[in-house]
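What follows is chain A paired twice: with chain B in the first complex and chain C in the second.
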Partner chain A sequence: MVAPVDTSAGGGGSAAPGRGPSRRSWTAWLVVAPFLAYVGTFLLYPTALVLAGAFQDDDGAFTLATLATLTEGVYLQAFLRSVQLSALTALLGAVLGALLSWAVASGKPEGVTRKVVLAASGVLAQFGGVPLAFAFLATVGFQGLVTRFLADTFGVDLFATGAWLFELPGLTLVYTFFQIPLMVIVFLPAVDGLRPQWREATESLGGSGWTYWRHVGGPILLPAFLGSALLLFANAFSAYATAAALVSQGSPIVPLQIRGFLTGEVLLGQENLGKALGLGMIVVVGVTMGLYALLQRRFARWQ
Partner chain B sequence: MIHNRALRVVGAGAVALALVTACGAPPAKDGGNAASGGNAASAKSAADLGGMDKLVEEAKKEGALNVIALPPDWANYGEMIKAFGDKYGIEVKSDQPDASSQDEINAAERLKGSDRAPDVFDLGLNVAIANADKFAPYKVATWDDIPAELKDADGRHFADYGGFMSIGYDASKVPAPTSVKDLLKPEYKGKVALNGDPTQAGAAFSGVLMASLGNGGSADDIAPGVEFFKQLKAAGNFLPVDPTPATIESGQTPVVIDWDYTNAAQTAKLAGKLDWKTVVPQDAQVGAYYNQAVNVDAPHPAAARLWQEFVMSDEGQNIYLKGMSRPVRMDAMTAAGTVDTAAAAALPATGDKSVYQTQAQADKAKQALAATWAQAVG
Partner chain C sequence: MAVTREPVKPKRRNGNGGVLRAVVLVVLGAYFALPLVAMAEFSTRSANGTRSLQSWSGIVTDPDLVAAIWVSVQLALLSSLLVLALLVPTMAWIRLRLPALRRPVEFLCLLPVAIPAIVLVVGMAPLYAWVDYFLGDSPLTLALAYAVLVLPFAYRSLDAGLSAIDLKTLAEAARGLGAGWGTVLLRIVVPNIRTALISAALLSVALVLGEFTIASLLNFDTLQVRVNLIGKRDAGVSIAVSLLCLLFAFALLLLLSSAGSRRRRATAEEG
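And now, the complex of A and B:
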């Protein structure tokens, strides 16, 4: 059998030119089928439901009124608060996490500090939800250990200004707790990628520390930093369980408002408004992903 | 994004469960229907099946009952479930005890066709009225004792027990409140909790109505109640914590606005640890009833109907009463002399100026609340 000119880039593709590709694509589909079924069931189907519901009224007719409601009062505020909370905790997490990463990277590669920080980050980045909320309630809640210690020993009332732990300041504090370790996990590889030779080269050419960061280290780390910050933003924006366990009054952020529409027993028949809020969240996360993609493209040529 | 991982695990679990129940459901259903001949699912009263004895027989054949959203310390449901199970030898499977009324309906839709779907519901009036087409009409033997305004004419849902909005408090930490306005005093700083978000939880909604009545409002006007909570927050007295038995026991929520039967249940539970007392403010008596209904797709239709008969019998109604909730047949039972007088005497005192909101009034209040609550406490 005379093999035709093999135009495929990979050398491995010419093993069985006659029937290989079709069988391979068939088995490839088979292998990927569970994943597609999974994505279809838990991502595409729910997204389609949310999209459809957002444009329907209670009787199933098409309407834009539900979406228009989002621009009003409490819903708009919830979006603003959600974005504010996510942006603030992403910024705090990104800056503090980056500093921590840098500190770890400049230490000994096999040092104890590095091992401890990495292990702790791995655990703490996943330590969200009810356990985290409970941990904060038990330490700085109204009857928390730290609260009572401060009150009994120094006469300091942590809640003198109000129930901040159960409002946005509290959510910011609690979210930052899992944002910093996440930043360390996603950003440390980039910092590790900085070669000491670059610094030495800068210095031998007469550059200062500032020159190095301004012209070498900074530009190299910037895309990874911004990308990580966007990831942190999306992480906070979609977090639900932590806030749900902590805040039971007023539903300040979007995920909590959606909860109200789905499980509330007082105001009924507002599921579609909940779906419209969900659509709003999809848009925000979509924009975040778009920015991420743009960032990747912009900086790809540097790598 | 990281938190999606937990969701994925739940999702995978849900698929696994769906597969398991899909496999498990058919035999159970066939067995149940073959035994009962399918009569129980359409029976509108025990007489349709040939009397109580026949109903008991059918229910025993089914052998199980799925209930949902019945916390053991709420209206004495712990004892109710045990008494029913022991009396008829039926296994009662209690799912999601802390779920809301809307969760009950959601669960019924999600589990439709499986033998794990809830058989019976215990619902707030809003949810009962909104979902009446999902209930099988059934009239219990004691149907005539239920006041007409507290039952659906077709028997799809009817009141089972009720109570009054109350203030529960730790008597060792705060002075006894006598009116709603008392809670604004400095003695209650950082101590007053409401059971849930009133735009979501029925009990909290009635709590705001109670606050309204105590501040010059009426069943038609909930605004003074919202204003009261705004003042309560401004004074630093309002606790944005969802009270639970655990928060009460640990002292996090020393004052709790909730139904008198749930507050009273804490008194019994915490006896010896905390001096938990319950008061129904005389200037603001808000009453409401919960409602019983049978799932139209109940996997155990006979057991579901027998449960209705049981909770509405003298025995079942007295079990509610022992849990400090007020059984809907209380007047009839008092007249007939079948009421548990000791339990009746232990109820928190109420006067005769009680308010039961009509559906129209409630709808109006809900709209007002939706527009103003988040701003007031946010």
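And now, the complex of A and C:
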């Protein structure tokens, strides 16, 4: 594929005189065609299938009944539990992650601490998945290190109240383990953006550390903090691998409900219900990400 | 109230901040190290209460696990090559010739962030019936789905790399000297965004090696699917592999951050 040699000084943009603009743009589009074809097939088409399926009955006719099913019984429960889990772990992750970001940002910019914390955060936030579930089995599972230590030393039975690790409380604990690192990744740039001069200005006007955070640092970081918390919410809401590896029976949250539809544990005639659940997830995550983008833009003004 | 201007103040405050900083780092550091230590402890247990490396040697003596690791490694390489082959020419071309497409393409590339993988797999299940039909049911066809998952990561690092160079001037100079579009791409663009390419590839590799959702629900036997399966009968081996995965991803990302800081230093010297 060879594009016509551009002899005009301007380079791209509008067509050069003497050459048909339609031919030019046609060739130009040919280069991006493979990308568009691929994204169309493997991203847009599957998404469209989910969206369309949510509005269809088993014969392919339009219906709102499938979506209506989401507002009742186990499905509504699963959505509520997913929101609760995501909100709680987003809050915990945001606060603790912000503290960790501050601790990292006040260290040396090229220091070892920073490098190690960032690499570890990347691993735990994005590539953990199944390994995280096993990490917690090794720690607070029935035969875990902490479980055994508490039982041998203090006679405390971690599982006295039931198999909490494989239910919502366990998911909350494990999710926090990838939420804090994600907060560090997305919030650290904002903390790094605080100029030391602002602090010096506060101090030369007689302000204390508290005054600085209350009137300068805090308000500047607030949009980024809220935005990051939203991102954490979306992240927990979308997460599947860790929960799937930890919870093999029952489907307390929406992603696990969808698993039930895909592995055929559900009655026939309800195939589109999985797609309706998918649509529900896209709406929740989409709205969250939209708000995130808005806050992100507001925060960009400070940089 | 009088304004005090004593220069002693910052020093004392730094002292307090330093203590708090140390406390945060130690407490959270311990919180994150504990499960890793527990994994090391658990995976070296043996039946009679002594230490043994049985679980660790179990990794290489399980032919299914070795096969799954190999599949995942191939997938990681294929997926990063695929995403780079799709994105690099497209993004470079858009900057040179089709600036109007920049926003739409950015939107498409970041779209997978808003669509949970578990939802994507619902739509991909029927699609993979066709992929099976045309390409066979090799697990390597998963690379097609994985390139979607790594799209946002690859886009962000390539975008940063392309923004750092004056692509238009470079391309015009090369074209003026008679270079074709292919030459511009391979000999001008690629060498100039080397670090961005490496970071996009490393991120893709780490993501694919850790991917579970799509592989397990489309019934392909990859590393994480196998780890989860083994965990049902032999927790020791699964925990050993899990620890290995986390450490490997950690090493990849450390490599990435040192590549990044080398780039920063290089730009600083030029500037």
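One rule holds for everything that comes next: the second predicted complex is superposed on the first by the 249 of 303 C-alpha atoms of A that agree within 3 Å, B and C clash if a C-alpha of one lies under 4 Å from a C-alpha of the other, contacts with A are read in each partner's own complex, and residues count from 1 in each chain.
Following the convention adopted for this analysis, a contact is a pair of C-beta atoms (placed from the backbone, for glycine too) under 8 Å apart; a residue touches a chain by one contact, two chains touch by 3 or more.
From a predicted model like this one, the values you see are computed outputs, not experimental measurements.
Q: Is A:Leu150 in contact with chain B, with chain C, with both, or with neither (first, second, both, neither)?
A: neither
Q: After lining up the shared chain so the two structures overlap, which partner does A:Thr41 touch, if you call chain B first and chain C second: first, second, both or neither?
A: In the superposed model, A:Thr41 contacts both chain B and chain C.
Q: Looking at A:Leu91 after the superposition, I want to know if it touches chain B, chain C, both of them or none. Which is it: first, second, both, neither?
A: Neither: A:Leu91 stays clear of chain B and chain C.
Q: Is A:Gly129 contacted by the first partner chain B, the second partner chain C, both or neither?
A: Both partners, chain B and chain C.
Q: Just checking: does A:Leu173 make contact with chain B only, chain C only, both, or neither of them? Give me first, second, both or neither.
A: Touch status of A:Leu173: no partner.
Q: Once the structures are superposed on A, label A:Tyr240 by its partner contacts, choosing first (chain B), second (chain C), both or neither.
A: Touch status of A:Tyr240: both partners.
Q: Counting only touches as set out at the top, which of chain B and chain C does A:Ala163 meet: first, second, both, neither?
A: Only chain B; A:Ala163 stays clear of chain C.
Q: In the three-chain superposition, say which chain, chain B or chain C, touches more residues of chain A.
A: Comparing chain B with chain C, the partner touching more chain A residues is C.
Q: Of the partners chain B and chain C, which touch A:Thr263 in the superposed model: first, second, both, neither?
A: Both chain B and chain C are touched by A:Thr263.
Q: Based on the A-chain superposition described above, do chain B and chain C contact any of the same residues on chain A, and if so which?
A: The answer is residues 41-42, 126, 128-129, 137, 141, 143, 234, 238, 240-241, 248, 259, 262-263 of chain A.
Q: Would you pull the chain C residues touching chain A in the complex into a rising list?
A: 3-5, 9-10, 13, 16-17, 20-21, 24-25, 28, 32, 34-39, 41-43, 86-87, 89-90, 93-99, 101, 105, 108, 111-127, 144-145, 147-148, 151, 168, 171-172, 175, 180-182, 206-207, 209-213, 216-217, 224, 227-228, 231-232, 235, 238-239, 241-243, 245-246, 249-250, 253-254, 256-258, 261
Q: If you look only at chain B, which of its residues touch chain A in the complex?
A: 1-8, 11, 15, 100-103, 106, 123-124, 126-127, 130, 190, 194, 196-202, 205, 233, 236, 238-242, 250-252, 366, 369-371, 373-375, 377-378
Q: Which bits of chain A are touching chain B when the two form their complex?
A: 41-42, 73-74, 77, 125-126, 128-129, 137, 141-143, 159, 162-163, 166-167, 178, 182, 231, 234-235, 238-241, 247-252, 259-260, 262-269
Q: Name, in rising order, each residue of chain A that touches chain C in their complex.
A: Answer in residue numbers: 1-3, 5-6, 11-13, 28-29, 31-32, 34-35, 38-39, 41-50, 53, 96, 99-100, 102-103, 106-107, 110, 113, 115-116, 118-120, 122-124, 126-132, 134-139, 141, 143-146, 177, 180-181, 203-206, 208-209, 234, 237-238, 240-241, 244-245, 248, 255, 258-259, 261-263, 274-275, 278, 281-282, 285-286, 289.
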